[in-house]
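Paired with chain B in one complex and with chain C in the other, chain A is shared by the two complexes that follow.
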Partner chain A sequence: MHVHFLDPYRPRRSPVHSLDGRVKLVLALAFIFSVALTPSGAWPVYILLFSLVLCAEVISDLGVRYVLKRSLLAFPFVLAALPVIFTTSGAAALELTLGPWTLAITQPGLERFLSIACKSWISVQAAVVLAASTPFPDLLAAMRAIHVPRLLVAIFSLMWRYLFVLVDEALRLMRARAARSARSADPALKVGGSLAWRARVAGGIAGSLFLRAIERSDRIYMAMVSRGYDGEVRLMPSPGLRPVHWAILLSGLAVLAFLLLAAYLFWA
Partner chain B sequence: MHYSPEPLHIPDGFLSVPISILMWVVSALVVSYALRQVNRDMGERQVPLMGVLAAAIFAGQMLNFAVGGGTSGHLMGAALAAILLGPWAAMLVLTTVVGVQALIFQDGGLLVLGANTFNMAVVGVAVATMAYQTALKLSGGRKWGAFAGAFIAAWLSTEIASLAVALQLAISGTSPANIAVPAMAVVHALIGVGEGLITVGAVAFVYAARPDLLQAGEARQEGKSASRGGRAVWVAGLLLALGLAVASPLASSNPDGLEWVAEQGGFLDTARGSLYQVIPDYLLPGISNQTLATILAGVIGVLIVFCVVVGVAYLRRNRQPEESR
Partner chain C sequence: MHHSIEVMNLSYSYPDGHQALRGVSLNIQPGEKVALVGPNGAGKSTLILHLNGILAGQGEVRVCGMEARKENFSRLRAMIGMVFQSPEDQLFSPTVYDDVAFGPLYQGLPPDEVRCRVEEALAAVRMSDYASRVSHHLSMGEKKRIAIATVLSMQPEVLVLDEPTAGLDPRSRRSLIRLLDELPMTMLASTHDMLMVRELFPRMVIMDEGRVVADGLTAELMQDVALLEAHGLERPF
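Let's turn to the complex of A and B:
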């Protein structure tokens, strides 16, 4: 079993895919930053921002359904913001009686909660488009271009290179455990040992995964040294941005700045 | 095997901008210091070792065991990495894991990546190092001390990291402290037990197979190897653990106080107020009713953008058959 399906990159031929990774990373970060800066309750701006990301989804040919499905990944976290509906002070919009308690849903609270949920949802979509339309090596080059430390970028790239190998390793270990864990057809028969025993087995798997990773990194290091690695991380210099990409980058930033300005002027 | 997001990773939109930026600055400082320390300690071996171990932690997070009632225990790995690698290397490994999870799998946001790095890599590792080192000292370096220390380190780092998440949410005004703090604390007290059990199992395995690795990790924690600051991490871990453990119940019982902090910290609101006063009655030309103008502007903008979206989609659809021909 291999886990190549973990890689979220979806190769397509689209203007978004062929856009320079650096432009995409900066635009995605600026977009998420703008979403975060938009005051709560500025609904028209949210709709405009949503339209922007929807545009990117359509142009990128990824399929709106795919992006929306992936964007629901962060959805459970919305629970954390649910209590603000009741605790924000303001005029009560609706009162719920649950036995001895009375919960009042306030209007500012509801507005705040919906704003948080919308912001989160729109931001995740931008991140999904970025990851699905940019191969990871391009993202690494983009990280280097925005001055993430060189060593950290090198560690990221090595992690990505061996991620699939080690996930396969973990899956093999877990398959071995499953193969040795018989289950009785009789539901009354208790199997699987005690909780502490199961935890120790899982811990053993984690420990041997760790040891195998350390030993593998030794072999990788030897292979790197024998090919001339001297501790210096050398990355391909990335060519300068083409004028078209500069234009796209600047106009994208201008649109975001304009939206933010509008949000503060009209709906703050 | 499906990729499931972790409950401790905050998505974008849940933290206020000042908190996100503050957390970015703190994390960047700590991580760049850790990079230098690990480089001094491991030299050119740093890149392959850190990269592969980050991949191992990521893979290990898929590991689970049945706890009963349909729930399962998971490994997050902050404590295990701190015990086996020492604090600085563990911070780098976890930073890499959190970063890849956010960039590739949208598990945790990009603007809040600084906060997630702080919670998992800085708080998690510092607290785990503090707990493990203390347990080793108290037991005189015996075997049971290492195992008990592993459990306490794993449980405490999970719990304190969850308190950090709850406090960040509360200061951002996303979740009221008197609900978020107890909820996070109770849930992660249970999750921490699973984490602790797996970590003990893993440490026991390494103790049997490669005891030299455990000793090397201990040496790094006490700062005996080339990297320094073992004691500083211990102090930082203690301060973080105590600070968060004391601040959380306080914030939880006085949510008003936290709101005050949020208001004081919310320089954006201040900036917004002054900007608003410069142009107090901004109106669309030709329309005297401000509410109406606002609604109209919004509706027109939305219409324009949706037209663009539909147009773009239409153009793409027309072009595709030509390409495939």
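Let's turn to the complex of A and C:
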């Protein structure tokens, strides 16, 4: 009766899974920053960064296909970068004429667009590996450990906790609607009502879900206050990092710094 | 004469691998009132959701002589009036009237017929004065009655109820029991309320761990304290 498909975590026994969440979070963020900072057109560095994330995918035992499928999430963001093709100044490679307007595809524009596409695709893969190899509570603990603002982490954690409750609630509402969406004994009658009527019903469902979410948040808050909540989330201190994890963290950061340096020295 | 509900060797696993039903068989004659009891997680709700095709497992399910197959689901849903445990889930429209009219409107019945059905259904649960009320503000007992009216308006052959008395105060519970007693149709109710079972349902089916472990006359099964205790039930005094 519950929804499981939302949880991106996939339990495996792999070195990536057993790595400390804090190390993974910092490395993944550093990786994404490095990808973002790599100058456009530094193709060899992109290949190296891609092979890094590919290594993580293979070692994590998640299956490269799984990660690639999930990384399609980057696609809509890539579309947002499409205008870059036309807006970057440079020699026109191709001109399109649409009535009174002329659109010029420039070579630097094309290069920049392809760079952005590659970068977002590689970054999303890192995020997918992180989310699929780290249970969400560990990620939250890691965020707290690296001093992400506590309120933000508290919001993430409550959102995560109650997202499933809300999705389950929506599922039950839709189930109740399906149970009464029937055909009468007279086959001549048109089933389903008008589009406007169905839209009104769907609006009612969305509205009641919203009302119930608000009521639930009130109840949760009262339950939290009853247990002494004062706006501050207090937690057990997390244990220190083991030396081997420090070594992995620092060598990972060093590799990224080296790649970034190389990109600026040779391909900027 | 067909059985109202025929379930043959039904098994079902949830997508996460949890097996909720393991070869359940159950026959219910037209007009019978049957209680489905058993501990939480026994598979009662899962079984109920198979009766109108919201879930589909392996095995045979026939309702009013019609096989539960995809092309029949929309007819099944008219014959099975399903009252969910939480009226909050069932009442999703702005007003009581809209909710009770949902089923008939969906079926495409003419407006006069819809109005007539809504009035009858609300009268049957003695809530005629509530048509223009907002469901959100009603009491639990009132919501429960409206939830029953929302399926009565479809004139079902079988009424299926999931935990009808859960969360009701004694007075609302009493009036709900009286209401269920008055309704003439075939009835299958999943419940933990053993007192209501004894009072209202001559036949009782005990489920545990996805199987039917006992099926017989309530009066007889209630005597078997060992059986009840083995499946986490208590004999009402």
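In this section, the second predicted complex is superposed on the first by the 206 of 268 C-alpha atoms of A that agree within 3 Å, B and C clash if a C-alpha of one lies under 4 Å from a C-alpha of the other, contacts with A are read in each partner's own complex, and residues count from 1 in each chain.
Assume contacts are C-beta pairs under 8 Å (C-beta built on N, C-alpha and C of every residue); 3 or more make two chains touch, one makes a residue touch a chain.
As the structure is a prediction and not an experimental result, all values here were calculated from the model.
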Which of chain B and chain C A:265 touches, first, second, both or neither: first
Contacts of A:178 with chain B and chain C, given as first, second, both or neither: second
Partner chain(s) touched by A:211 [first = chain B, second = chain C, both, neither]: both
First, second, both or neither for A:94, with chain B first and chain C second: neither
Which superposed partner A:201 touches (first chain B, second chain C, both, neither): both
Contacts of A:51 with chain B and chain C, given as first, second, both or neither: first
Partner chain(s) touched by A:189 [first = chain B, second = chain C, both, neither]: second
Of chain B and chain C, the chain that contacts the larger number of chain A residues: B
Partner chain(s) touched by A:250 [first = chain B, second = chain C, both, neither]: neither
Residues on chain A lying within both footprints (that of chain B and that of chain C): 169, 192, 201, 204-205, 207-208, 211-212
Residues of chain B that touch chain A when the two form their complex: 1, 3, 5, 7, 10-14, 16-17, 20, 31-32, 35, 39, 43-56, 58-60, 62-68, 73, 75, 77, 80, 84, 92, 95-97, 99-100, 102-107, 109-111, 169, 173-176, 179-180, 194, 197-206, 209-210, 213, 255, 268, 272, 275-276, 279, 282, 294, 297-299, 301-302, 305-306, 308-309, 312-313, 316, 323
Residue ranges of chain A touching chain B (in the complex, touch as defined): 3, 6-8, 13-14, 28-29, 32-33, 35-37, 39, 43-44, 47-48, 51-52, 54-55, 58-59, 61, 70-71, 73-74, 76-77, 80-81, 83-84, 87, 112, 116-124, 127-128, 131, 136, 139, 149, 151-152, 154-163, 165-167, 169-171, 174, 192, 195-196, 198-214, 216-217, 220-221, 224-225, 229-231, 233, 262, 264-268
Contact set on chain A toward chain C in their complex: 1-2, 4-5, 169, 172-173, 175-185, 189-193, 197, 201, 204-205, 207-208, 211-212
Chain A-touching residues of chain C, taken from the complex the two chains share: 14-16, 45, 49, 52, 54, 74-80, 82, 84, 86, 88-94, 98, 102-103, 105-109, 136, 150-151, 154
